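Here subunit A shows up in two complexes: once beside subunit B, once beside subunit C.
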Partner chain A sequence: MKAPEARTTGLVMALLLASACAWAADPGAPLNLRAADDPEDDRGIVMLVSWDEPEAPPPDDVQLVGYQLMAAPAGESLRLLTNVQLDEGTQSGSNEFRPWPWPGYNVAVAAVYAPEGISFDYLVDEDGNVKDSRATVVMSDTIGPVQPVGLWFDRDRTNILVLVVAICAIVLLTIAAVRGHAEDVYIRPIAGLEAVNDAVGRATEMGKPMVYVSGLSGIGDIATIASMLILGHLSRRAAAYETDIIVPCNDPMVMVAEREIVRQAYSEAGKPDVYRPENIWFVTDSQFGYVAAVDGIMVREQPAACFYMGYFYAEALILAETGNQTGAIQIAGTDADTQLPFFITACDYTLMGEELYAASAYLARQPLLVAQLRGQDIAKVIIAAILIVGVAAATVAALASGVVADLAMRFVEWFAS
Partner chain B sequence: MRLQIPLAITFLVGLFMAVQFFVPHEMFHGSLENVLAWVRIVGAFALVLGIGSLLRTHWDKIRRRRRDWPYSIVTILSFLAMCVIGIGFGHEPGTVFYWVFENIQVPLDATMFSLLAFFIASAAFRTFRARSTEATLLLVAAVVVMLGRVPSALIVMFGDTSVGQYLHANMPDVSEWIMNVPTVAGKRGIIFGVALGAIATALRVLLGIERSHLGGGGGGGR
Partner chain C sequence: MPEAMPLEQIIGTWIAAFLTLAIFSFLYRDNPIYKFAEHVFVGVSAGYGVVITWREAVVPDLIQPLLDPGAVDLAGPNYVVLIPGALGMLMFSRFFPRYDWLSRWPIAFVMGYSSGLAIPAAIQMSLLPQLHATLLPVWPNGDTSAWMAFSNLLLFVGVLCTLAYFFFSREHKGALGVASKVGIFFLMVAFGAGFGNTVMARVSLLIGRVQFLYEDWWLALVRPWFGG
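Presenting the complex of A and B:
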């Protein structure tokens, strides 16, 4: 071999050796890291990160087994978000990001190499961190700061927002309009509420207690809140006549609130000494256990009046029928449309749906509350009008064609979406 | 201040809950999760109060020897026994607690639930009497729906005649129509009213127009 050829060959050999040594010390890192907001994520907590595989193949005795997605708010050291197996490809998402106003994130992806025959799962501990000393972790370049985008308004709920704002506006404007002459506003008589006074009077005359059941839903249910408002009025009257009111509760939070309401009512009536906290107690949160207890109370105490106000399930008829058998005057009110027939059947008076919500205003007869009822009725008329227009629009959309049908269909779909 | 502070808290929290429904951003969603966690925490404390009230009520009944006081002993003993069994030996399948729950609590619940069948019969007997036009309509609709659900009864009633066959074939459709058209129309009317009532109630509680739950003479400023 001639001297120049030998030098060239030696140089190539040296380069190959240097390259092999470099691989042995540091296999390839993921390339071209990219991070993008997940368009499906409205909250703004998901980022989709993708990358390219390392270009050069690893040394013979080592293989690429997976990747680690790492990120941290700018200024902090990177931490592991998720591990990506090799067969899962070169992209991953994580829901551990936060949108603005949280700080942006630095993101990197590490390639994990291991001697042949060792799987990725074997290399990591239960937290997902690489624990095996035979593994080689090669970090990509860090990109950032990046962060997902959170939506500040859910456009799919635009129709709900418009209707809620419109109804609130109607109610508030009506209150403003009839403020001075609310006593002239006609309110349709509601027999069930007219009978409340009779029921209290009956209980007083008979010297028997009244039983008040405020449904089986929790304190977060608007029907329970409406029920508690009615209880406030009822207990004020019960206090005035010194009639006992028994309130067995199936939710401890409702019990606490109702105790306070009844105590307050007795104080306002000037009869705090008549208030008996032991008459309002937590029975059980078991549906039928509660029914058994309340039925037992009704059979033993033989109340003069029973009130069922709130949201009820299958227990509605069992309660109402037992009350019916005791001969008590029964007034029910619920927005549970499936239970209304049972109450109508077994009770003397039933407040249907919205009447439950109107009850407090009806009983209080305060000008603002009466005005609000008027506003509610106006909103109802508007909704009825929209329904009629909607039916007409749907008919037009089905029968006609062209621009008119398109507009009609859009109108219907806007409400239906 | 006794009134203003609860009203302010109600307004702010209510406003937040209303706004978060329309804002999916993590700032609101995360806060909602925190609020719901607080509700659970408050609920846990309220449960302690609830159990306290239950025990106090029954203890008082025993102490004063009120009517049916022996049942209160059963209640308290059952409560304590389940506490000891549950806390001491766990409540997973295979434990004594689980056995008691499966073999006492569940059958008792089922027994109460089964009463519904008898109550439905007695309530139906009272209701389905043709005392007025409306009651008659209700009675007819109920009979049609019932026969539509069990059309073989029509064959029993009319025999294997052409009338029986005709009714057997068509009564289910009539029944479905009653359930899907007039019934749903009525239900939707109720649901519209409920939705409006719920919004109006929420509004008046949020704005402090309704204050009867806080005292103050039944609510309603002037």
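Presenting the complex of A and C:
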């Protein structure tokens, strides 16, 4: 009987040893993975994931240091969403899911093990992926597809909708009301715009060109669009007097649009033959490369007038300072509040903020633009009224108590974005 | 020649120092050296821009979604990108005068889409945060000191008066005239503060450039030639 007992004991020992070896090679994976849509998330881009810790303790030579949350739309390979440190627990939320049409996601969590003394942060690269060969990553089962679902109406943005609709309605109603008698609408004088015609006259008398810079923003920026409307007016005046206008561009699409605008302006002025497309060209989209080129143009061409209309960054002062040194009359207009001080310092006239937008209505006197300006003014009156009521409400909320204070605070908080 | 610095770094530092001094020479007057640096700068940046656009936009946003979807984590080709791709291709119609009107389509699309996007974005990111930040108690209470209440009142008056300055369809006379004058005062105070702040930042940029010329170029490369 001894031999079979010895064989049994040996077999048990061998099985134990084998399982110990397998266990050492493969520490436990996260268990009972659960994933669900975040009910508080109206956009449907957040998913809450939780899991249980691996049941089996890790082998002696390694320790659990953290988790990795992985997910991907069904049919795609899993990718890392976020790393979870051990002290953050066994749940995580990620807001990296795609909005509408809210695809379903496969989700998994990986447990990351490392030799003692090595923290999670040392194991991952700058993108958060585990690259260290000393780490052992054990994936859980993949669950899914789980679908984070958003609402068709984001309640947090109700105030934006109300204001957009209100302001658009005011402008549209004003356009309808003013359409027949737009020329009677008063627009206050804007010094910088009245100087535009003087600048064209000066350039004509001196026989020198004008330089027009339409900022460094793309064609979709409102300041660039406003700038192009001013360029159209300026080009019509320049065409009438056959004065050259040089337009170095920072954006190729802006260049194309400005060529069209200037060509149209020359045609409207009855001087299509004077139009010179080579005066409007793309320089470079590099900020300071562009500045170096425009500075050189200004110094070599010695323009009679320089216009800076659009959105500007750090190049504003460099351009305006160089233009100032050439002795040109300078008119600037921008809604970049950080650059306005430099234009005010170095230019003869500056259109501040919304004056740039008002310029097109002021110069063109088109009924639609004038009515739009009037509508914006009415919207400003309403905003001023909201300010007065809101400050009163904030003061009441701070001083009073009960229902009144609660109502006042709710009014103030409605404007939180 | 210092031995510790690799040859490519020495060449790079010399080129950077030469181009820096060439650009600074504009402070004296326009000259051929500045012109050379200007043309190098414009040419290199334009070429670099083309490469960046190709690598960061055309390849990952158009070519890979169509021809190599796995590289951008897609299960299969995404043919939707053909629409913006076609719009982009229309820009090349500028090279053919007979069809150059086609280039207006992508321009119109970008302008329309951007304008539409700008309206809610302006309300969400500019109007509402500034409006909400102004709605503060202007009377002292448990949470608001007298000084803080005064600051809040000043902010409120400043915002109202500045708003009055940007009122275009009424003559700035009477109360509106007074308010707009006060508004201009607030604007100029803000611009003055902004001017000083930015000038300080610009000076720090100049210091960085001078530091490069002195430490990386003069001390490390030039002075050793003179036995320093």
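Simple rule for what comes next: the second predicted complex is superposed on the first by the 267 of 417 C-alpha atoms of A that agree within 3 Å, B and C clash if a C-alpha of one lies under 4 Å from a C-alpha of the other, contacts with A are read in each partner's own complex, and residues count from 1 in each chain.
One rule holds in what follows: a residue touches a chain if its C-beta (ideal position, glycine included) is under 8 Å from a C-beta of that chain, and two chains touch if they have at least 3 such contacts.
These figures come from a predicted structure and were not determined experimentally.
**Student:** Would you check which partner chain A:R98 touches, where first means subunit B only, second means subunit C only, and both and neither mean what they say?
**Tutor:** first
**Student:** Scan A:A257 for contacts with subunit B and subunit C and give back first, second, both or neither.
**Tutor:** After superposing on A, A:A257 lies in contact with both subunit B and subunit C.
**Student:** Regarding the shared-chain residue A:A416, is it in contact with subunit B (first), subunit C (second), both, or neither?
**Tutor:** Second partner only.
**Student:** Of the two partner chains, subunit B (first) and subunit C (second), which one does A:G201 touch, if any: first, second, both, or neither?
**Tutor:** In the superposed model, A:G201 contacts neither subunit B nor subunit C.
**Student:** A:G28 in the overlay: touching subunit B, subunit C, both, or neither? Say first, second, both or neither.
**Tutor:** In the superposition, A:G28 touches no partner, neither subunit B nor subunit C.
**Student:** Would you check which partner chain A:S360 touches, where first means subunit B only, second means subunit C only, and both and neither mean what they say?
**Tutor:** A:S360: touches subunit B, not subunit C.
**Student:** Mind working out whether A:G150 is in touch with subunit B, subunit C, both or neither, as first, second, both or neither?
**Tutor:** It touches subunit B, and subunit C stays clear.
**Student:** Based on the superposed arrangement, let me know which partner A:A397 touches: subunit B (first), subunit C (second), both, or neither?
**Tutor:** second
**Student:** In the overlaid three-chain picture, which partner chain does A:V283 touch, first (subunit B) or second (subunit C), both, or neither?
**Tutor:** both
**Student:** In the superposed view, which residues of subunit A touch subunit B and also subunit C?
**Tutor:** Looking at subunit A, the two contact sets intersect at 157, 160, 164, 167-168, 220, 222, 225, 252-253, 256-257, 283-284, 286, 288-289, 292, 300, 314, 317, 337, 340, 342, 345, 352-355, 358, 361, 373, 376, 380, 383.
**Student:** Taking the touch rule as given, give the residues of subunit A at its contact with subunit B in the complex, in rising order.
**Tutor:** For this pair, the touching residues of subunit A are 42-45, 98-99, 101, 150-154, 157, 160-161, 164, 167-168, 171-172, 175, 220, 222-223, 225-226, 228-229, 232-233, 236, 249, 251-253, 255-257, 261, 264-265, 267-268, 277-278, 280-284, 286-289, 291-292, 300, 314, 317-318, 321, 335, 337, 340, 342, 345-346, 352-358, 360-361, 363-364, 366-369, 372-373, 375-376, 379-380, 383.
**Student:** In their complex, what parts of subunit A are in touch with subunit C?
**Tutor:** Going through subunit A, the ones touching subunit C are 72-73, 75-77, 79, 157, 159-160, 163-164, 167-168, 185-188, 190, 218-222, 225, 252-253, 256-257, 260, 283-286, 288-290, 292-293, 295-296, 299-300, 314, 317, 337-338, 340-342, 344-345, 352-355, 358, 361-362, 373-374, 376-377, 380, 383-384, 386-388, 390-391, 393-395, 397-399, 412, 415-417.
**Student:** Which subunit B residues qualify as touching subunit A in the complex?
**Tutor:** Its residues touching subunit A are 18, 21-27, 29, 39, 42-43, 46-51, 53-54, 56-57, 60, 67-68, 105, 108-110, 112-113, 115-116, 119-120, 122-124, 126-127, 187, 190-194, 196-205, 209-210, 212-215, 217-222.
**Student:** How about subunit C: which of its residues touch subunit A in the complex?
**Tutor:** 23, 26, 30, 34-35, 37-38, 41-42, 44-46, 48-49, 73-75, 91, 94, 103-104, 106-107, 110-111, 113-115, 117-120, 123-125, 127-129, 131-132, 134-139, 141-144, 152, 156, 159-160, 163-164, 166-172, 187, 190-192, 194-195, 198, 202
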